[in-house]
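One chain, subunit A, appears in both complexes that follow, with subunit B as partner in the first and subunit C in the second.
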Partner chain A sequence: MSTETENTGEALDSSQSQLRRLIGADAIKSMPFWLLPAFLVGLFIYGAVLWNFVISLTDLQGFGTPSFSQLDFDMYGRAFSDPQFLFAGQNTIVLLVVFTIVCLVLGLGLAILLDQDIRRRGHLRTIYLLPFSLAFIVTGQVWLWMYNYNYGVVNTFTRALGLGQYQIIGNSQIILGAIITALAWQFVGYTMVVYLAGLRTIPDDQFEAARVAGVKDYRIYWKVIIPQLKASAASAGVILMVFALKTFDFLFAMFGQYRPQKGADILATMMVREAFQKLEWAYGASIAVILFLMALGIISPYIYYQYKVNEI
Partner chain B sequence: MSNSAEGPDRERRSYLKAIAAASVFGTGALAGCSGDGGSGSDGGSDGSSGDGSSDGSDGGGSGSTDQSSPTYNSTALEVLHPWTGGGGQNAINAVIEGFHEEYPDIETDIRGVGATANVQLNQMVNQRLANQDPPAAFNAWPGAHLTQFMQSSRQLLGDITESVWQHDDMEGAFVDEAKELSRFDGRYVTVPIGSHRLNNLFFNLDVIESAGVTPEDVESPGDLIPLMEEVEANTDAVGMAQSMVNANTQLQLWAAIHLGMHGYQSYMDLINGEGDLQSVTESVEMTSRYAEFFNEDASTVSPPSANQKIMNGEAGFYHQGNWMAGGYNANDLTYGEDWGWIAFPGTSNMYTLHMDAFVYPNNNPAPEKAIRWHRYVGSKEAQVNFNKHKGSIPLRTDVSMEEFGPFLTETMEDFRNIEYRPPTLAHGLAVAPTTLVNLREVFSSNFMGPYEVEATAQGIIDTI
Partner chain C sequence: MSSTSLPSQLSRTVVPNFERWTLRKLLLYTAVYTLAIVFLFPLFVAVITSFKTRAAVTQTLPFIPVFPWQEGFTIAQWAQAFSVLQNGLLNSFLRVIPATTLTAILGSLTAYSLTKIKWRGQVAVLLMMVAATFFPTQAAIVPIARFWSVYVPLDQLLGPVWTLPLLEPYHGDLLALIITDIAYGLPVVTVLFRGYYQTINQELIEAAKIDGANMYSIYRRIILPMSVPMFAVVFIFHFTQVWNSFLFPLIIMSGAGHSAAPATLALGGLGQSLEGTNYGLRMAGALLTALPTVIVFILAGDKFASGIQGGRA
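What follows is the complex of A and B.
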């Protein structure tokens, strides 16, 4: 018994050390490929994130220098007792959820419609993708015009339909909805392309088989096709949510200030205001950390999912 | 790394070398980063080492010996300003051109950082100063706006009392308000380049005549209301044009109304933190009555677009700074025929003071060049060239107004003879930047429709 264990132990030892050498060699051999990128990413992304976190623990403000003697979570306490922070945080979450759902649903609809077109004749994809290629500075300004009370195309439509005219940007109740609509307009095309890529991987055979069996088209999509698009939806969803957290550019393009109209303040604009206008660096940094955690909260389930299905 | 000996192929070794070089560079960058944020005490040495690395050689020195000028260092003169379009751009270009003629051997790097109300420029300057990487000169509002720099534990702004203000007796030529707003604890840190008047009420003369009203008779903000009613009753125009795409214009209008209703002293008490809730409530209330006459699309139009409504005859009155006159000139509208203006009701004995200035940061990357820049900015030539394009007025008392046209000449005369010159609130002269941001928040949250008078008034009092 004992000799046997010794033997296997020895065998394990030698095979382990061989393995270790192999891994070591591989890691070394591939070093040129990973070391530089890893270093740069480490420095400029994780280094900056870490530095930002450290700043958020200080009470740095103005043009002073941070003192690291007393690190605490005061700024986070301040954030959660600041009504403006809670309001902006709530807006951020509403924007995130509604915008993502709208884009995923509309994108899917468009993708299915276009998919039929592609399977049968030409392609129209580019038209739908066009808004995505526009800069926020352009779309922000264009939507501001479209929402104009007197001349805006939105009010032209509502007037034509006999619904009357509406204050859209000037109404704090619906401004967030208006911004979500504008953002969705820009991102639905992108979502659609992600879905289309997924749809293209589904072979025509499945359609033909279902049709031979006499199944109606919508039932084919509902029962066979859409369930296969889960991965596309997940990856599009993650990207959309991360974009939603960064709506800052869009709002700045619209309003020309870091303080958007009443009802449309989000954490990103608040963070810039606190840090760069009021010079409350530590408070701004703590808002940034909270935003980062929100982004992380979105990404990590996705990464875990990918890990579980052996994609990474 | 230690394993590298076991596979001595050349390719890999050269890779390693490259990586080693890169990591040395990276470590240097890291050290630079932590130096920036970490230690403030060695700010001076940081600044100067930045010069050396950014330019490399000091060959520029040979250029500087040509003239009587002292030893310039090799760093180009970097100036940041907010004028990226329209009259402002022509104005700064005229100054740059003149500066090049005056100092042909100074290499410049003059950059416009544009956006409404200096939002982006101020942010960039804050960032650069916080990182101890100041430009040679930057544009800002003088007065309270600069207190954020003066109150810092680090010396952020340089003293140009001797080098600029006492050179050629510049100090004697400037008006007192300009000097007061440029000086902190007896030392000058900035040179104003021009001033706009802010308490203007513009109107379209066609609209006014069709409505049958005479704005010249209006004596208080309340008196304007019947006139706006007449405009709306007798023409297609709205009573008052307004831009509410952000809250600053609302803040500005309220400040004008407060001055008009309660006078100079009440306003000065207010900005000094001794405001009276009752009087503020009254002026906020009055502002909300004005709002009934705004164009309905106010929340989506910018200040120039709101001005367009005056030009098109879609609105009767418009309160803005006198920079809006540039728009009328650009559209060939004649002063006195197509458009006119009065001082905002109740403020005919005041000139609400707006000012732009160039600031001299401490640890200046190009100190001698920056001194030349500030001297030039304060010169007669620069003040005339800048202001005639910008539609503002020079702050020197010894310049001739020949080139300025009737509107600006009138403004200049008012400026010289008027009783009070209250500093503007919405454009940074009256309160510190943090207070200004908070005031805008008060208006954003409570006064962009629906108009909550009590909350706004209380917010104003609490903020200042």
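What follows is the complex of A and C.
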């Protein structure tokens, strides 16, 4: 018994020194600073993502426990033959593309306006950014009221203009546009702030030199300033696209339930509904994996590029 | 350089260019203030609706306010919203304050070890943090919900703790939520602090090392005092993020009826239960839930803005 403990003690000692050599003394000494955060992130983010993948290979549903004897990609086959999945996937891509372009273009417009020599710039920036500080669960309620059929603002205006009344929430043709409008209202200010940070890094004398040379302002922006904002546009674009992939709160708030109205379902809402309402854990997990891969497809070129130019 | 900047200075200061004022500036000011109205309009509508009686909501135009001296004005919607949401608001504070504080402290420590200490493997931890800021939450919620409900049910595991005064077993889910919030806040907060620490002069650290300071005393005596402005940014930014978050409470507490449900989750229930008939109450509830973040934003909007920029550089 005693020899055994001695042996394991020795083994522990040598393995410890090996470990020390492997990761270096400084890594051990600096552990108090980073070990707990790395553990939490490793467990709750990376561990969860991996575990989610494993669950997607099982048939887990209801209140049971997963059986790992039979792992397969059945759930993915089910997804790609599920019309609801294909429909939600299509909506996700439309939302992602239109929402991102609208925010990038309008945000640029706002940033250029605020880049001018005007008074109360700070206040205006705060106003434009205010919607971004609100919870989606809050803004979802507000826009539901804006879009109300009988008494909402939008229909009041369309009636006054003689355009008639629209069932915005109930109309599968326009509902996605209505959602994109509301989300853009919330995110344009964010895009603007990212552009403004980019604009601040461009030295003033470029502008002044061009102006002295007699170049018109809009041409200076088009030819000199906007091309230098590519990096800002890329970083804002990545955030906007990933957001579009995962947006759930807003739709839940707007419709007050897991299932959005006809025409508004996206993968993010479908995933939560399959898992947490229908208790189709494995199916929900497989949709989550697909969402994750889509996000990875967006972020990995970006991170690789940032790493290359040493921005990270 | 001076030859190009001189004329422009002249045109700015000596010639106040009235010609431009009339057209260009007029258009500019019209544009920015029209846009300001557009951005505030939905919130303005929500505010005035929240002060209308149910009858007034249907009988007046949605963007025409009803004033206190007019018929149709009421604060009953706010009173009811408060009575429905007060427990949720308390839970939100119980959630946000520890989550934000601990995330900020841990994030600062991690960022310090990633910038001012050299050790093997730090690039891996760095990439782990940076990449995680982009992950869609959906990819992890099934395991997180199962982790807290099946494998680590804190309300049962910490049984004796809940017998302490002021604590109830349902606080177990609140604790689970806080731990999850910390894990999901750490990547972005670490990246924020890291960006800031990179600007701190390395010579300062080297000088302290020569004076015999170790990595702990360097953090305590040099880095921490210099971090105060960044702590403010992180606090404001992350407070808003956690307060507003909805998906984690939904999957951990599984419904608005939960006693530990934060305000956002309770608000989701408010909309559900009333089937959309009482918009005044809905708006009052939504605005009440948003109020803490709006106050923080109005008081420190610049810090919020720099949080957005720094975190996603």
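The rule is simple: the second predicted complex is superposed on the first by the 269 of 312 C-alpha atoms of A that agree within 3 Å, B and C clash if a C-alpha of one lies under 4 Å from a C-alpha of the other, contacts with A are read in each partner's own complex, and residues count from 1 in each chain.
We take it that a contact is a pair of C-beta atoms (placed from the backbone, for glycine too) under 8 Å apart; a residue touches a chain by one contact, two chains touch by 3 or more.
Quick caveat, the model's predicted, so the values are computed rather than measured.
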Worksheet entry | Overlay on subunit A: subunit C relative to subunit B, clash or fit | clash
Discussion item. Applying the document's definition of touch, where does A:Leu71 land relative to subunit B and subunit C: first, second, both, or neither?
Written reply: neither
Worksheet item: In the superposed arrangement, does A:Val212 touch subunit B (first), subunit C (second), both or neither?
Response: second
Practice prompt. Could you look at A:Leu144 and tell me whether it touches subunit B, subunit C, both or neither (first, second, both, neither)?
Written response: both
Practice prompt. Please indicate which partner A:Trp281 is in contact with in the superposed arrangement: first for subunit B, second for subunit C, both, or neither.
Written response: both
Discussion item. Just checking: does A:Val97 make contact with subunit B only, subunit C only, both, or neither of them? Give me first, second, both or neither.
Written reply: neither
Worksheet item: What is the contact status of A:Gln261 with respect to subunit B (first) and subunit C (second): first, second, both, or neither?
Response: first
Item to complete: Give one of first, second, both or neither to describe whether A:Gly62 is in contact with subunit B, with subunit C, with both, or with none.
Response: first
Worksheet item: For A:Ala295, is the partner it touches subunit B (first), subunit C (second), both, or none of the two (neither)?
Response: second
Practice prompt. May I ask you to name which of subunit B and subunit C touches more residues of subunit A?
Written response: C
Worksheet item: After lining up the shared chain so the two structures overlap, which partner does A:Gly170 touch, if you call subunit B first and subunit C second: first, second, both or neither?
Response: first
Worksheet item: Once both complexes are aligned on A, which of 58-66, 112-120, 184-192 or 346-354 in subunit B overlaps with subunit C?
Response: 112-120
Practice prompt. Would you please give the residues of subunit A that touch subunit B in one complex and also touch subunit C in the other complex?
Written response: 24, 29, 32, 36, 40, 43, 47, 51, 55, 65, 144-145, 148, 150-152, 256-257, 272, 276, 281
Worksheet item: What residues on subunit A touch subunit C, complex-wise?
Response: 23-24, 26-27, 29-30, 32-34, 36-38, 40-49, 51-52, 55, 65, 110, 113-114, 116, 118, 122, 124-139, 141-146, 148, 150-153, 156, 185, 189-190, 193-194, 197, 205, 208-209, 211-212, 235-236, 238-239, 242, 245-246, 248-249, 252-253, 256-257, 268, 271-272, 275-276, 281, 284-285, 287-289, 291-292, 295, 298-299, 303, 307, 311-312
Response to the item:
subunit A partner, complex, touching residues on subunit C are 1, 4-5, 7-8, 25, 28-29, 31-32, 35-36, 39-43, 45-46, 49, 57-58, 61-63, 106-107, 109-110, 112-114, 117-122, 125-132, 134-147, 150, 179-180, 182-184, 186-187, 190, 215, 219, 240, 243-247, 250-251, 254, 264, 267-268, 271-272, 275-276, 279, 282-283, 285-287, 289-290, 293-294, 296-298, 301-302, 304-305, 308-309, 312-313
Response to the item:
The subunit B residues in contact with subunit A across the complex are 3-4, 6-7, 12, 15-16, 18-19, 22-23, 26, 29-30, 33, 37-40, 115-117, 119, 122-123, 126-127, 129-130, 148-149, 151-154, 156, 244-248, 295-302, 433-434, 437-438, 440-441, 444-445, 448-449
Worksheet entry | Contact set on subunit A toward subunit B in their complex | 24-25, 28-29, 31-32, 35-36, 39-40, 43, 47, 51, 55, 62-66, 84, 144-145, 147-152, 165, 167-172, 254-259, 261-262, 265, 272-273, 276-279, 281
